[in-house]
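Contents: one structure, followed by commentary.
First chain written, first letter: the chains are A, B, C and D, and each begins at residue 1.
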Amino acid sequence: MSEETKVTKPSSGVLPRLLAAFVIGLILGGLGTFLVQSSQYSAQLSDLQNRVNTLQAAVNALNTTKIYTIGVSFPLTGELSDVGNQWKTVAQMALNDLNSELANENVKVQFKLVIVDDKTQAQDALTAVQSLAQQGIKVVVGPAASSQVKAVKAYADANQILIVSPSSTSPTLAIPNDFIIRTVGSDAVQAEALAKLAFEQGARNVVVFYRDDEYGQAFAQFFNNVFSSLGGKATLTKYATGLPDYASEVAQLSSQVKAIGADAVVMISFDTDGANILGHAKDDPTLSSVRWFSSEGVHGTTQLLSPEIATFIRKVNLLGTRPVFKENPVYIDFAARYKSLTGRDPPVFAANVYDSIILVGKAILLAGKYDGAAIRAAMFKVASNYYGASGWCILNSAGDRMYQDYAIWTVSSVNGTYEYQDIGSYSGGTITWG
Amino acid sequence: MDVVGFLVSWITLFSIYSILSISLNLEAGYTGISNFGKAAFYGIGAFFAAVISLSAFLMLNGLSYPLYSLETIISMGTLSKQNPILSILIFLFTVVLAFFVSGIAGYMVSYPTLRVGPAFLGITVLSFGELLRIFLRNFQPTGGTYGLAGIPHPFAFIQDPAVKDFMFMLVTLVILAIMYIFSEKFVNSPYGRIMKSIREDEIASLCLGKDVPKIKAQVLFIGSGMAGVAGALLAYYMGSINPDIFVPSLTFEVWAMVILGGLANNKGALLGAGIITFLNRASVILNFTFQNLPIDVNYIRWMIVGLLIVASLLFKPEGLIPEDPKSSFIWNFVEEKEPISLKKRMEETSKKVKFYIKKVFDWFAMGGG
Amino acid sequence: MNLIDLGVVINTLWIGLIYSLMAIPLTISYKVTRVLNFAHTSLVTVGAYVAVILSLVYPDFFSNVFVALIAAFFAGAIVAILNHKFVYRKLMDKEASPVILMIASLGSWIFLKYLIYSVISIVSKVIKKDLYFAVPAFRYTLNLNFLGISNPSLTYSLILGISLIVLTFVVFYRTSFGKAMRAVSDNPQLAQISGISDESVMTLTWFLCGGLAAISGVFWAMFSYASPEFADSLILQVFAACVIGGISSIALTILGGFVIAGAENILMSILYNLIGLDLSFRPFLSFLTLLIVILVRPPAGAAGGLPYRLKFKRERKWT
Amino acid sequence: MPLLEARNLTAGYEKLKIVRGINLALNEGEILSVLGPNGAGKSTLLNAIFGVARIFEGKVFLNGKEITGKKPYEVARLGIGYAPQIQNVFPNLTVEENLELSAFKRNGIDVKKEMESIFKLFPEIERRRKNFAKTLSGGERQMLAMARALISKPLVLLLDEPTAGLSPKATSVLLKKVKEIVIELNVSVILVEQNVTKALETSNRVAILVGGEFVYQGNSNELTREEVEKMFFGEKVRQEL
């Protein structure tokens, strides 16, 4: 009978189980520490092996080709999938260029890309970088959005994985001595360029229509600072990101422009939202009667070249800034090749993606070994003498691009079709036309 | 390949998601509350932990930067390494408090939503989550769209990243174990049987004199609290959070985990979370093996994840581990099955053992033929 | 100060119409088959992309809106039927609960979404055009101005959308097929013993719903744009419209669509002009409206607090 | 040859066998009452004939053709009408639509004409032909259910407790109607009933089902109500007979 009572009333309470869990945890912990340490030993061993291998490689001389893998974390799906998928093509172009250059110079090194989708999500970016790092990769190009870069920062710093983001522009990531390198100029300069451009074009009372994310928020703030110091008045209006359509926002914008009697709209957007906003603005009489200015986000979308939107752009004389060194032969060559490959102009930050891959490749070569810290140090050296598709890539102490020149772009009609054109440049604080 | 690193990172993620799926299982599996706002309570926990630990560190060091500013992120890099005991204390403190903060939020949300009736409870909580997310996006003190970064890792003082991650994994595992044991105890208690009775028939439970809305609210308190703990762990693990992490699709992912593993079964919740997080993490191996396919390998990866969810449901529509019939309240009524006593079971086992021993002896007796 | 502009009203009309068009098939398919279909978004996207791709590849033939709409209708219908045959039917045969069906639809949504991504990536490589963000070619060839609305694709979608809704009503309430659908949604067992094959009714329902969803996708692409993600960002609003209608009646669903659209546009406009509420609060308003509607006037008899039973459980036996 | 025949039928739900070893034959033009206490398996028997319940063993024939294992809608199209006890109308359809539906997809039936003739039989529901079925009273619902089962001109009509919950007067009216129908529409009826007296009055033959098995089959005028009720309570009447 005593067994019976034991069945109905479980004798073990919570405490013994917790204790058991604790003991199991301890055992697991010991085991894990052992594993970690043994993996360290094995890492040392493999380091030794590597050295032997390099020695052997040196002895065997030029017969073997060494292959380095560069990790890439791009938003192939999710909100930024449009640019992400085009960047993929750009990255492959850069890789081919890099490899063929190395082959031409008879360097027995080749590079390989592993592209992992991060879904434009912070947590997926972290798992993407972790997956790459666990496969022994030390350099990752990407992720795209600042929120994603922040999510991978802690892991990258601790494990010495170099993150090279081609498009993160958030001012809260200008952190010295970390493993984040950003090959794109701070928006502070571009905002200044855009503000000066708008002011020079006669705008005094503008509505800044910006996306409600880190990019838009920072850009609008910088723009407002510069524009007010010049003597203009800027009204900031933000719109939600990730919406499938912006017709309502445009309607609101129109009524606001009418209400405050603004003479220009400054649009700070990405490509899909920007093109959509312009597509709706063309039907609005108020918005067709003021000037428009734009950041680089919408540059390169095919939609802007469609006759109806292009006519609108001509009518409101839309001018935009974009980070590129004007009449840069490397960029012109790059853009032409990209167009022949895909049939369209390079998307936003394409040149930065291209340069990021090339820079990473050269930094690995200079470092001579596949190690995050060494590549990081080499990266600064390589970047200080590198002139690429996006111009001079010199980095400052925070690992961000130091100088960035900007082109002034618009859409104009050439032989009956519409094309993007750079009609001026912004360099060292002044605008030069032509 | 770094197998240890992979396991550590996967198990950490698995533990966080398991806590979520166990909490959802308590609500949806055992009590029949279709909570589609899991992400909201997850987010509340994460933001609470981030805000408290960041401001605690800033305050203790006499700094007064805004929480999301660059200066905070930079100074946190050094501050978090200075005092191990403080880091761990703040971590434990926020994780425990996150339970109550999220739990109270869940309890409060339940008040109006339960009055609506269960059919629309799911969408009501989902809307609440979205409202919260959009609000946080526009709420500057917690960073707005910048989010919060530089959240001090509790083991930041450990130099070796592998050991650091391993310690964190251990902590999440221990918390998961506590949650698991707690919910197992909970659902097998008399209270758990009331929960199941509510799931099976609310009106009947009402007629039995159970205060159904109150019990539902209490379950939501516990479930949301557990989600809050998971959120706090996520915040410390990632070191940065922003409102857009806590989108409704995250909730659906947790639902898929629970359904896949089998509703009303905590083991199933673990299994579901394990399978989906493992698929997400391990399928990246495809990216390394298959390059230059005509279709991007990432798309194939996600397609396989979707297919596997459908396939496993087709294979076992009741989930991989269906609800244990013996512990089910309803089943006992229908089948009128007597639980087998220990004595009987032992007798049966000893009979079996004797049989096999005899067989072995026979085998030897036959000369091993 | 002018609180509401004409543009805002037109947007409300149009977006309300689109929400209704997307919500109606969701409601119908839920009523008849008891599947809360997350893969609905994929159907919408499939429709939009079939029209976009065909009109870009064969501009001569498919630049006609109607041809493109018909092509999209059949594409969406086929995908929906295949999804039903390979997933939902099999699960129903195993007597899976509606929650399981919902999660299965989540699975097929993930699968279809990335299938669409794959197809787009291949096609855009072949035709050398960006399809991740595209508008159909016929958008530029439309010319029809109506009621002073200058945007021709808006005019088209308004006229076609309203006629489609009318057509749906006719099908649902006047034809014998519609009656059979309603019978199955009322009581599938009784429908069977009255000699209605529930399987053929369900297949036809998916045909209709898939096609309608696809057509709403084409309308969206005509006015806005097509991307593999656009329907995902719409789905919550569409669900909200359904829920306001209690996922029960078509008329209430349409009302729901317009209520949500009104909150997003007219209410937004008023609040923006009155108290300067940020435009980024627009999605906030739609969910707030949904919450208020649910709490104040619970749809479809969900009122009265607790003694209201979960409608999920399908009555299996009526002995 | 009997019109409808069940041979050695064992049926139930899922794993549960509710009726066992049933042999039943229905001849043309007769009314067969199936009587039995609650839970005897009367409704399950009808469901088994109709392919709704699960058949473990045995076969069902209609006009000599086997219909075992056919889907309910196929059985309905072969010529069996069924009015279940509860949930027997489509509440969100109008009365007319309820009737129309049953004739849906049936060849050679003029729905309009049939409906008029059915309405002649059931003037009570003709008055409410445009109303939703959910607004009907219990008796009207039963009539509608019967009408719905009849409109497709079935050979056999299965009625599952049509008088449950009706007042005595309504019961009489309804059962009188059943008798009329048999003559007028030339249909055979299996009537499951609880009201023993009325059932004996109405039917030609009677079968008594207790605990899932037939304990008696015979002409209804050979039995009295008391004898039937004795059988309900399990007395071994079978040996006597």
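What we mean here is this: contacts are C-beta pairs under 8 Å (C-beta built on N, C-alpha and C of every residue); 3 or more make two chains touch, one makes a residue touch a chain.
This is a predicted model, so every value here is computed, not measured.
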Item to complete: Count the smallest number of chain-to-chain hops linking chain B with chain D, moving only between touching chains.
Response: 2
Discussion item. Using C-alpha centres only, name the chain that sits farthest from chain B.
Written reply: D
Worksheet, complete the sentence: Taking each chain's mean CA coordinate, chain A and chain B are separated, in whole Å, by 32
Practice prompt. Please report how many Å separate the Cα centroid of chain C from that of chain D, as a whole number.
Written response: 43
Worksheet item: Measuring from the mean C-alpha position of chain A to the mean C-alpha position of chain C, what distance in angstrom results?
Response: 34
Response to the item:
Residues of chain D that touch two or more other chains sit at none
Item to complete: Specify, in ascending order, the residues of chain A that touch 2 or more different other chains.
Response: 76-77, 85, 212, 240
Response to the item:
Contacts with two or more other chains occur in chain C at residues 113-114, 117, 121, 278, 280-281, 283
Worksheet, complete the sentence: Inter-chain touches occur between A-B, A-C, B-C, C-D
Discussion item. Per the contact definition, I'd like the list of chain A residues that touch chain C in the complex.
Written reply: 76-79, 81-82, 85-86, 212, 237-240, 242-245, 247-256, 258-259, 271-272, 275-276, 279, 283-284, 301-303, 306-308, 342-344
Discussion item. Give the list of chain B residues in touch with chain C in this complex.
Written reply: 28, 32, 34, 112, 114-120, 123-124, 126-128, 130-131, 134-135, 137-138, 201-203, 206, 212-213, 248, 252, 255-256, 259-260, 263, 294-296, 299-300, 302-303, 305-310, 313-314, 317-318
Response to the item:
Contacts from chain C onto chain A in the complex sit at residues 1-2, 5, 7-8, 11, 14-15, 113-114, 117, 121, 128-130, 132-133, 135, 140, 150-151, 220, 223-225, 227-231, 233-234, 264-265, 268-269, 272-273, 278-283
Discussion item. Using the touch definition from the top, list the residues of chain D that touch chain C in their complex.
Written reply: 13, 43-44, 47, 50, 52, 71-77, 82, 84-93, 97, 100-102, 104-106, 148-149, 152
Worksheet item: In the complex of these two chains, what residues of chain A are touching chain B?
Response: 3-4, 6-7, 14, 17-18, 21-22, 25, 28-29, 32-33, 35-36, 39-40, 76-77, 85, 88, 112-117, 121-123, 126-128, 130-131, 133-136, 146-147, 150-151, 153-155, 157-159, 170-176, 178, 212-214, 217, 240
